[in-house]
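In what follows, chain A forms one complex with chain B and a second complex with chain C.
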Partner chain A sequence: MTEPLLKVTGLTVEFLGRHGTVRAVDDVSFTIGRGEIIGLVGESASGKSTLGLALMRMVPSPGRISSGSISLEGQDLAALSEAEMRTVRGSRISLIVQDALATMNPVTTIGEQIEEVIRDHGDRSSRAERMTRAATMLREVRLPNVDQNLRRFPHELSGGMQQRVAIAEGLVLGPQVIIADEPTTALDVTVQAQILSLLREICDTRGTSIVFVTHDLATVAEICDRVMVMYAGRIVESGTVREVFRQPAHPYTKALLSGLLPLAGEPLAELDTLSGQPPRPEDWPTGCRFHPRCPLGEALDHPEICMTDDPHVDESQPHWAACHFAELQQPALTEEVAG
Partner chain B sequence: MTEEAPLYSVHNVTKDFARGRRRSVRPALSEVSLVIRRGEGFGIVGESGSGKTTLGRLLVGFDTPTEGEIVFEGRAVVGMKRAQRRSFRQGVQMVFQNPFASLNPFRSIRDTLSDGYAHRRMSSGERDTAMKDLLGLVGLHESMLDRYPHEFSGGQRQRIVLARALSVNPSVLVADEPVSALDVSIQAQVLNLLNTLKKTLGLTVIMVTHDLRVVNFFCDRIAVMYMGRLVEVGDRDTIMNESSHPYTRMLISAAPNGDPEERSERPWVSSELAASEPPAEGCIFAPRCWLRQQLGNPEECVTTQPRARPLLDGPAPDEAHLAACHFAEDVPEQARLAQVS
Partner chain C sequence: MLQYVIRRILIVIPLLLALSVLLFLYVHAVPGDPIAGMLGPNGSPELIAQIRADRGLDRPLLEQYADWLAGLFRGDLGVSLLTGQKITPVVIARIPATVQLTLMSLFFTILIGLPAGFVAGRHRGTWIDKVLSPAALLGLSMPVFWIGTLLILVLAVNLHWLPTGGYIPFTQNPARSLQLTFMPAFALGIHLSPFLARMVRATTIELQQEQFVIQASMKGLLPRTITYRYLLRNAIVPVLVILGLQLGTLLGGQVIIEQLFNWPGIGRLLVEGAIQRDYLVVQSLILVIAAVYVIVNLGVEVLHAWLDPRVRL
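Here is the complex of A and B:
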């Protein structure tokens, strides 16, 4: 097997709070191949955005990466100095966020925003050349009327156009990896469809890889190759999107999937629900962190091991789940037992 | 078949927020007519700025129409006498999207709920029992009465907001994006609760949302809005599965279907139909309309705004299925040809 493009091992992010340190991201490992889109799904406080920021080495203080490595083509980003990291950010790994407008300078035109990104990374070409490059990039993300819109200010564009500009900014230095944090959540569904198809196309034509952070499983089904489900700071299930959707192996994934309401056909009479709410880093439960809400644990009459032992996983498997009773969740197996 | 008189009839309602005598080119709401029946789940869907919240606010009487009329239980909302107005205000409650912003952080749940009983003749013991029953109804424990909003999660706060709205015994609940701010696992709890309330209390629930999955789960009938206009209204099944408006078709096909084995086909995505400059005249949807393109750009589309009209020659003729398209009858067939959902 060839080396993966990005290999994350044992990544842990800690925040120093009033009640001591909390681990928002706890011992996370995964890999991404070239041109791959990997979904990172989870609910609020699960740590998905923190993990995305950690990959960029942009965890806000008082947080920090306390252990682990982020190996991009063999180079450990976690070990770089801030000065070294600055040359990597944008050019080899970049970030696109939900609220594109908030990240833009309101008094700088669209063209200049992108021109500045190019200049700040030590490009010595003339300003006119950089502007041409910016325009080419904006055409590639299919911003309409580029010549006109180059001279406009961010607030003069629609939400969908702003998001295209943000994507152009994230792409212009040709990074190998893009972290996209809820990049379509604030957009109307028809615009979302356009942006998702653009991201997919970028991966296919440029070989760029995307870590797609979202709470929405429907968009994961739409564009991701693989998916990682996060709960309480940990990845609890990982696999190809097809397998995870067809045969979720973790009870939490199963619950999330049943919360994905159907768009067509007969509506459900009643939805399956989980009791309680997602925990926060201050009070991650012991053992399996999902145990206070787990329907499988309940069906099995609360096995001791769920409360005491962290489920062990073999992350080298193509599809794995962090559950002591993962096999029981596989529909094929349960059907055999039942039938 | 005898039709019961509708709960609401909305007659040709326009809402223009422009001040002074000048009218906007595109008001927040234009010429909307529809009926809402007693006890139904009625969905108002559309993209950002389509006017759904504006319509919801008019239905509860928070705003008044610039033109047209809203009739509730046979009486025009504007111009109700005082006593009628008071019972309307109580009978129709609205809950908003953000459960964090809509509760006063300095008031306990007891304080918040007791407002609803203020002008009712009740002993404090009776009121206490009523409040506890109400909490039970929305799935919260009575021990929570003396707690404050910050001690609750988003889903719990949304239940409290619902309990507050229910404390005055309304017959209608208008819910604006009631689950959009909630986590998926919590969303299901609140939707089940709304469903139960609808069934057990016979509440009419008007759900304002951009989320097609939520309306498909919850609503009996659905109205689709686009740029301040009603483009289509009909039964859930008709709208979601057999729509007669090109915009409704586009909207539904835009939503990811959630099945990685069968990713949605959207031929329109990469075409110029994606851009959305509103036209000066003709059909509001014309610049983005795949059907117009497919029919070879008929004249009517760019000269005359179609009115929402009943569609009676479909497989299931229904007075209450309206669509605002000159070529609505052709939509199902043409959509299959164009692979739009």
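Here is the complex of A and C:
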């Protein structure tokens, strides 16, 4: 395999709070190849959005990246100065978020927003040329009536159109990586499907890689190549969508998947429902962070190793899970999803 | 937009009519006869009655009101009770002084308040903010007559840089005119800018937490694009609302400052009218001031809609 496009090693994000330092993202490593869509799945507060922001070096204060490297085509983003990082943001790595409207300047037209991005990344052509470039990009994301919509303000567009504009803005400079944080969650189902297929198409035609942050496994099954499951600041399972969905090796993944499929008429086995809340970063459990809620641990009568030791992980494997008893995991009842 | 403006004007008309009734009744309910007051001890009852008849004050109230109202629609504010002169030309003569003072005051208000508030908000919690915010509080707590007196004391009495007061029309001698406007306008600017500064500071702080401003950094925009296009441009909107309110108030005449600096504007005319119990002047003038205030605010709303496309009129 050639050098991966993006290689994240030991990335740790710390927040300095009143109760000391908390690690929202703890020692996360992964790679993304060119044109690959990788799903980052987890509950709220699992650290998935923080990880997305960390890749942009935009962790909100008082958080900071305390260690690790983010290597984009061999260049370590974590080591860049803020001014250098600015030139990377929006041009080589961009972020698309859920609420597109909230990300746009309310007093600037669609065309101007995109034109500003092009200009601020050092394009010395005329304003009219930059506008044309913006229009071309908007056509590529299939925004209807581009000529009129260029002159409209963000709030005048529908939700789906706003998201297309946000995608166009993120794509206009041809970034290698897009971080898409729940980009379709706010949209209704038909528009969601359109936006997803648009993202997939962009990936295929432009060779752009996408880190797709979501809590929605159905979306992952639909467009992702690989999936990483995040829990309590760590990646607990990683593999191709097919492998992970057919044979989840981590009890947490399995629980997530069974939550996805409350099959008609088939009551959920008690084992598959997750009790309790995900832990907060200020009190991650010791040992395996999932052990207080783990149905497998319960079935095995709470083995001590789960409470004391971090599960060892061989991240070089194409499919791995951070569980002491991964091999005991039953095949999931989710064949249909991976289907 | 046009429809909205027309609708607003249609709302304003009954408002002003109601105000005119109130003003009229108020002025006529005030104890003391202005004619008797004007003539003093020399006023024989016959003379008083004659002048009252002359000014139409002996007619039924309703008739007097109708007369006044009819005049208003023709742009005729009535006749001074004391001098018998028409009021409209007197008011018009005072307008340039007040407008000039208003514009200069707003200029100083913006000059001081906008940058101070913006910088304080942008550098919230730093030493700049810690200097500017108490300074704004200090400005807020100083009464305008005291600021004015202080300016006169320092700039006119001690340093002899400026005369203590007075007014020359701009058309007569622009340089001299501006020089004379400086002190009253600057005093008002110091007085009004803290409101603006606090508003701008709060808005700027709020804006910096807005997702679209945070997102601006994610797009890799230049810091100056974020400062001007994202922050300042959006902060202008509430600024405009504040300035509109202040403009309306200022155009109504600055009673205290005009008095202090011997400035022949609307505010002083009002004071003169009140002191001389020339009630018709007071009555008409207040109505004019109210109308100006309402119209200015309407203008501000229209401008607001133009600056913030989310506002639909």
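Assume the second predicted complex is superposed on the first by the 318 of 339 C-alpha atoms of A that agree within 3 Å, B and C clash if a C-alpha of one lies under 4 Å from a C-alpha of the other, contacts with A are read in each partner's own complex, and residues count from 1 in each chain.
Throughout what follows, a residue touches a chain if its C-beta (ideal position, glycine included) is under 8 Å from a C-beta of that chain, and two chains touch if they have at least 3 such contacts.
Owing to the predicted nature of the structure, the values given are computational and were not obtained by experimental measurement.
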State whether A:Ser158 touches chain B only (first), chain C only (second), both chains, or neither.
first
Quick one: is A:Glu116 in contact with chain B, with chain C, with both, or with neither? Answer first, second, both or neither.
second
Looking at the overlay, does A:Thr308 come into contact with chain B only (first), chain C only (second), both, or neither?
neither
Which of the two partners, first being chain B and second being chain C, lies in contact with A:Gln194: first, second, both, or neither?
first
In the superposed arrangement, does A:Ala102 touch chain B (first), chain C (second), both or neither?
second
Answer with first, second, both or neither: which of chain B and chain C does A:Thr87 touch in the superposed model?
second
Name the chain, either chain B or chain C, that contacts more residues of chain A.
B
Could you tell me if A:Glu169 is touching chain B, chain C, both of them or neither one (first, second, both, neither)?
second
In the overlay, answer first, second, both or neither for which of chain B and chain C A:Leu256 touches.
first
Using the touch definition from the top, say if A:Gln75 reaches chain B (first), chain C (second), both or neither.
neither
Overlapping contact positions on chain A, where the chain C interface meets the chain B interface
none
Sites on chain B touched by chain A in the complex:
47-48, 153-156, 183-189, 191-192, 195, 210, 212-214, 216-218, 236, 240-241, 250-252, 254-261, 263-264, 266, 269-270, 274-276
Which part of chain A faces chain B closely enough to touch in the complex?
43-44, 142, 144, 158-159, 188-194, 196-197, 215, 217-219, 221-222, 224, 241-242, 245-246, 255-256, 258-265, 267-268, 270-274, 277-278, 293
Provide the residue numbers of chain C that touch chain A in the complex, in ascending order.
210-212, 214-222, 225, 229-230, 233-234, 237, 307-310
Using the touch definition from the top, list the residues of chain A that touch chain C in their complex.
56, 58, 60, 86-91, 94-95, 97, 99, 102-108, 116-117, 120-121, 153, 155-156, 169-170
